[in-house]
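Same chain, two partners: subunit A is paired with subunit B first, then with subunit C.
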Partner chain A sequence: MSDIALPRRRPSYFSRLFEAYGQEIVVLTAIVVLFIVVGLVNPRFLSNTNLTSIFSGNAYIAVAAIGMAMVIISGHIDVSVGSLIGVLATIAGTLAVSGYPIWVAWTVPVLVGIAINTCLGALIAYMRIPSIVATLGMLSILKGGLISATGGTWITGMPPQFFIAQARLFGVPAPVYFMAILTIIVALWMRYSATGRSLYAVGGNAEAARATGLNPERTCVLAFALHGFFAGIAALLFATQLQVIQSTVPPNLELTVITAAVIGGVSILGGTGTVIGSTLAAVLFACIGSALIFLSVSAYWLRAVLGLLILATVLADMARRRRSLVR
Partner chain B sequence: MTPLVALKGISKSFVGVRVLNSVDFDVRPGEVHALLGENGAGKSTLIKIIAGVHAPDAGEIIIGGQPAKFANPGQAVKAGIAIVYQELLLFPELSVAENIFLNHAPRLSWGGLDWAQMRDKSRALLDDLDSHHLDVDAKVGSLSVANRQRVEIAKALSQNARVVVMDEPTASLAEVDVQQLLAIVRRLRSRGVGIVYVSHKLPEIFALADRVSVLRDGNYVATRDIKDVTERSLVAMMVGRSIDQLFPKEEAQIGAPRLELRNVSHGKAVRDISFTLRAGEILGVAGLVGSGRTETALTIFGITPATAGEILIDGRPVQIRSPQQARDLGIAYVPEDRGLQGLVRPQTIAENISLTVLRRLSRAFIVDRGKEVTLARDFIKRLGIRARGPGQAARQLSGGNQQKVVLAKWLAAEPRILIMDEPTRGIDVGAKSEIHALMSKLAQSGLAILMISSELPEVLGMSDRVLVMNGGRIVAEIDRNDATPETVGAAMTLVRDQEAAA
Partner chain C sequence: MTASLRSLLLRHETILGVLLILALIALAWQSDRFFTADNLLNQGRLMAEVGLVALAMTFVIVTGGIDLSVGSILGLVAILLGVFWQNMGIPLPIAMVLGILVGGIAGLVNGIIITRFGVPPLIATLATLALYRGLAEGISQARSVRGYPDWFFTLGQGEVLGVPTQLWIFGLLALIAAVILGLSTFGRATYAIGSNAVASRFSGLSVDRTLLLIYMASGLIAGLAAVIFVSRVSTTRSDMGTGLELDVITAVVLGGTSIFGGRGTIIGTLLGLVLMQALKNGLALAGVKGDGTIVVIGAVLIGTILISNIFRKDADG
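And now, the complex of A and B:
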């Protein structure tokens, strides 16, 4: 019978690499091309000051996108993360202003983030509430609660040690370390640990995962709990990067974070993607935003460009899926 | 010999309905034990109890002589039991190697997953199954059904399974792949693995099984050595009565031409098709999967409208550019994939049946629910649909009864031409012969039926004439009296050789 089955030609190393990490390579290429083109048009784009502001000012988006990527890979979505970051940043600032030790102001928001999202994950996993519905509800609760509690005022007057995001090591801003180290740790964890792989399995086919002996409910709660942790870190970076904390977090932050995950190659249907991709995509956004300024294009175009990128990515994803079905 | 797994007096109820009633079953090392029964007989539940998905209400599971209790599927896997489910529970986005080793992957010294070893071991397992062509790095989503099944079997072997349960493994395989699968099963058996083989296809069971057990309506009927049973006695055990004729084709008055195709083409899938279908006639279409049979049906039904040629209904040329037009011309199409194209599964039986005739049942945009339910009651009685009533959700029915609902939906539209694509695929013997009897009755009432089927006995048993397709063309037209497995089979494969030579 083996004479019927013709041996398939093994694809080359590069086509393999591209099949496995296609989207990551595309995003990385886009970043490099962007740097070269915009740098040629306006060399100040490549200045140290600008690069620092691109990376350190947007690292919190990349960190939040790590958690978002995990949630989407495991087959869910979270539209409440923007409000959660706002709430956690406000908690951090309030604690710091009220005179609590700095380590308390740093750790409490992270723990609160984990706690809130663990409840959210349990609600989704065990009560079978679709994640889009549960997190929409959470979005309203958090956003409403935040505005009522703060009255929309900004928090100022934190002690100087509080501003961890403004620290530098070897001339590189701290948020860049957070972004890079967390991305690498999570990427390795998701590749080499059984728990990490179970996120892909559950997101790809929950019933098959159950039959294999995995526990899809527990995996869902875990993904959300970790997502809460990263939202906490993101909130810290956001809260400590400027001298003030705006209780009105950047509007549509959750959409930016989801977009980063999707453009980075995380399929919105779950089961595929990497956090390397989501971090690269977050960096790409930051670069595009800055490039638009240097090219004297209105910053309002940024959202439109991101929207186009989403559609292009999803179309490419569909085309890839269709092609792989034909084989 | 101590059985690898023995079930004693297993009972199970779901929401008050008893689906298994004191069932005994066992598997010995190095045997294929076939499990037979109509849909709804309790086979799936029994498998899920062996797999640890459900816990029995009463009875014992004994593994290698020791009583065992499975709290979850993971424990059954640890006890050496692997299930190859019909719907192949794999992860489409993950690689072959990872699918095989998910949840029991080899580890590196620091605890990380050992990808290199995972790939090597997968290679070895697949080579062992004579699947040298399967790439361990390919995404499972890109594989054919037959190859996915091999991945499932490799996965079972990677867990050192001593018992492999296969739930209708050949239901969606082409003939070549079926033969390869049977070879793999025999190979497993010779290695001392105990195999539970669930299938509707009696020839496979006779080719493979050592023993066979039959379930009926949740009750254990009997276990027999394969040499002590015949096809007829097995069917009688399954349905509780003897079915005199598997294909109750009755003579029907054949009338005027209803549907005529003249040189109809659609792209490369449908090439130059010409035939005539008459009132009262059942015209069988045989051919391998991918030979253009379904594509022809879709062209007639206007889903992929003809790009060339002429279609005549009652001798008059017609244009069919959409399914709506086809329906208005009196054509009905019962598709191959019930779930995908035929049935709205969450909706009730009544709502499914009335879909084709909503306009007729409504007054000023409002559907008359009373008329809808009456219509459904009528069909439930006429087609013998086993259901609690018109209000039951379609997804709760067994495969055969779902197929009857799809059929009812189209019969409600009172068609003059009925196209049936694989009318009895995945349906048990009892429901099968009921659907066949129904087809005969419909033909007798003057309906013209075009029946596409991959099951040769069905084609030969039910058709007045047989068309054989290959490569998008009709390669033979054989009269009922001349149609034998040899003549039809030869036509199915002969042309392929010629084309290869050309």
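And now, the complex of A and C:
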């Protein structure tokens, strides 16, 4: 606290960089350290096949986390995203199997995702239903609806062109491009465009944002609509990475996606965070999961380790934030 | 209409009560098996675990917090009960007490993370949700424990004076919870913290201590629910209680407790619980599959808040 009285020096470039991207740097460092340590213990961790499976197999989580980051930054939360991805993946598979052109099977789920989440956003913004309640209800509706409609059967026999997630360009799997390109576009959009900035403004202080002429309701609907778009893309990557689509909701997917966004530095209170952080955090999770296998830790302890890491990151983040408050 | 009567009619609990009566009439109409003593008591048995956890969750949500880790605590305590008793040879009654205490410690850890480190409850309990479930999975290594002695099943499968044992426990705790939240200074403090934590701190309330106690109670009661759950289904598995938090939160919020804190009652939570269970049961009797029921519950949750919001807007104007 005594620091306050000291004359302020101009912070160095690095400390300013750390202040702006602290959490992103922490997560990136964790990934690098993990690769070095696990790579030394078991070099096969760094093999091409394993790296491909880490990045490509989990890209859909990173893509979904981009949308989640937007929703949380604008001051809301969505616990229904896992069910939505399950529903959209099933729609994509069903369309592909029923003989519709591939582009229909690819675009319809994305459009449905946008439509559903736009309604959800409108319910939250205009009918003043708290987002956790509205999305909790939506979770039940989508999850129950999906299982009653399909009975949890497996969808197989999609035409070979359908499997976009298995495509490669210059040896790199397509999902990695999706993850990287979408993250960069959204990061730039949120940092430099007026609409992107408005998400931060509304999430930071909705009333202040209103006073400066922004429309918090419209911003909320926009955030959810975009979130629906990314859930659609995530569902496509999820649906096309294996030869079968299990038409149920992937268990705990919403928690993984929310955790990725939060660990990546998106404050649950809204108003701060970047999608670069959320993508890095999704990659970190995938690395941890794979690393445990290569370090021959029993798979049953995987979730406990993950939980401890989440807790440690959150506590470190709180400590860092408190320090920057004091300064 | 006088103002007080009008406000009574517009209370969330009243709306919910009317909805509940309508649902009960419709369900009784649908199936003649619904309104039998056997069926109703059995539904009470099925409701007790979610109900117990919902009592503590009402306090948590009234303070403006949330506890997502209750389902995982339930799983962890269930596993530990089996391990304490079978692998460590601790007598079952002591193992039960130890298990419930572990639940309390798990809740206390939540409380410490939230109050000492200032982590928002949603994030803190999201992390411990993964941690506690992970511990349960790690400790159990996917083995289940069976073969509990017969007396143990009285708790979850037996009856006292013709009413399921756990309903007595639930009723007693519901009464205690209602008195504490509605009539005691502790209850007042709970509402005050939910309305404005900073103001409560400045008016001399020990905010941190109150929150610690509430989160610890939430863990303890999840532990108790775990013991009852194990006794009801006669086995322990590490995935017990998965998704319990969603059922509990739905019941509490359905019961009119504001997710932003400061508002809510135990009576409301009880109404929410009964409505949820009646819908589940009634739809099952009407031939709707279990998954269709979830859809209806989700729709009812959104619908109730929607209606209540619209009415409140009228009342304000």
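Basically, the second predicted complex is superposed on the first by the 309 of 327 C-alpha atoms of A that agree within 3 Å, B and C clash if a C-alpha of one lies under 4 Å from a C-alpha of the other, contacts with A are read in each partner's own complex, and residues count from 1 in each chain.
One rule holds for everything that comes next: contacts are C-beta pairs under 8 Å (C-beta built on N, C-alpha and C of every residue); 3 or more make two chains touch, one makes a residue touch a chain.
What you are looking at is a predicted structure, and each value in this text was computed from that prediction instead of being measured.
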Touching partner for A:S140 - first (subunit B), second (subunit C), both, neither: second
Subunit B versus subunit C, judged by how many residues of subunit A each one touches: C
Partner chain(s) touched by A:P159 [first = subunit B, second = subunit C, both, neither]: neither
Touching partner for A:V305 - first (subunit B), second (subunit C), both, neither: second
Which of subunit B and subunit C A:L315 touches, first, second, both or neither: second
Subunit B versus subunit C as contact partner of A:P101, first or second or both or neither: neither
First (subunit B), second (subunit C), both or neither touched by A:N205: first
Touching partner for A:L255 - first (subunit B), second (subunit C), both, neither: second
Complex contact set, residues of subunit A against subunit C: 77, 123, 127-130, 132-134, 136-141, 143-148, 251, 255, 258-259, 262, 268-269, 298, 300-308, 310-311, 314-315, 318-319, 322
Footprint of subunit A on subunit C - complex, ascending: 66, 113, 117-120, 122-124, 126-135, 137-138, 140-142, 242, 246, 249-250, 253, 259-260, 289, 291-299, 301-302, 305-306, 309
Footprint of subunit A on subunit B - complex, ascending: 51, 53, 72-75, 77, 83, 85, 89-94, 98, 102-103, 105, 108, 111-113, 115, 130-133, 135, 137, 139, 141-142, 176, 179-180, 183
Subunit B contact footprint on subunit A (complex, rising order): 1-2, 4-8, 10, 16, 188, 191-194, 197-198, 200-201, 204-205, 207-215, 267, 271-272, 321, 324-325, 327
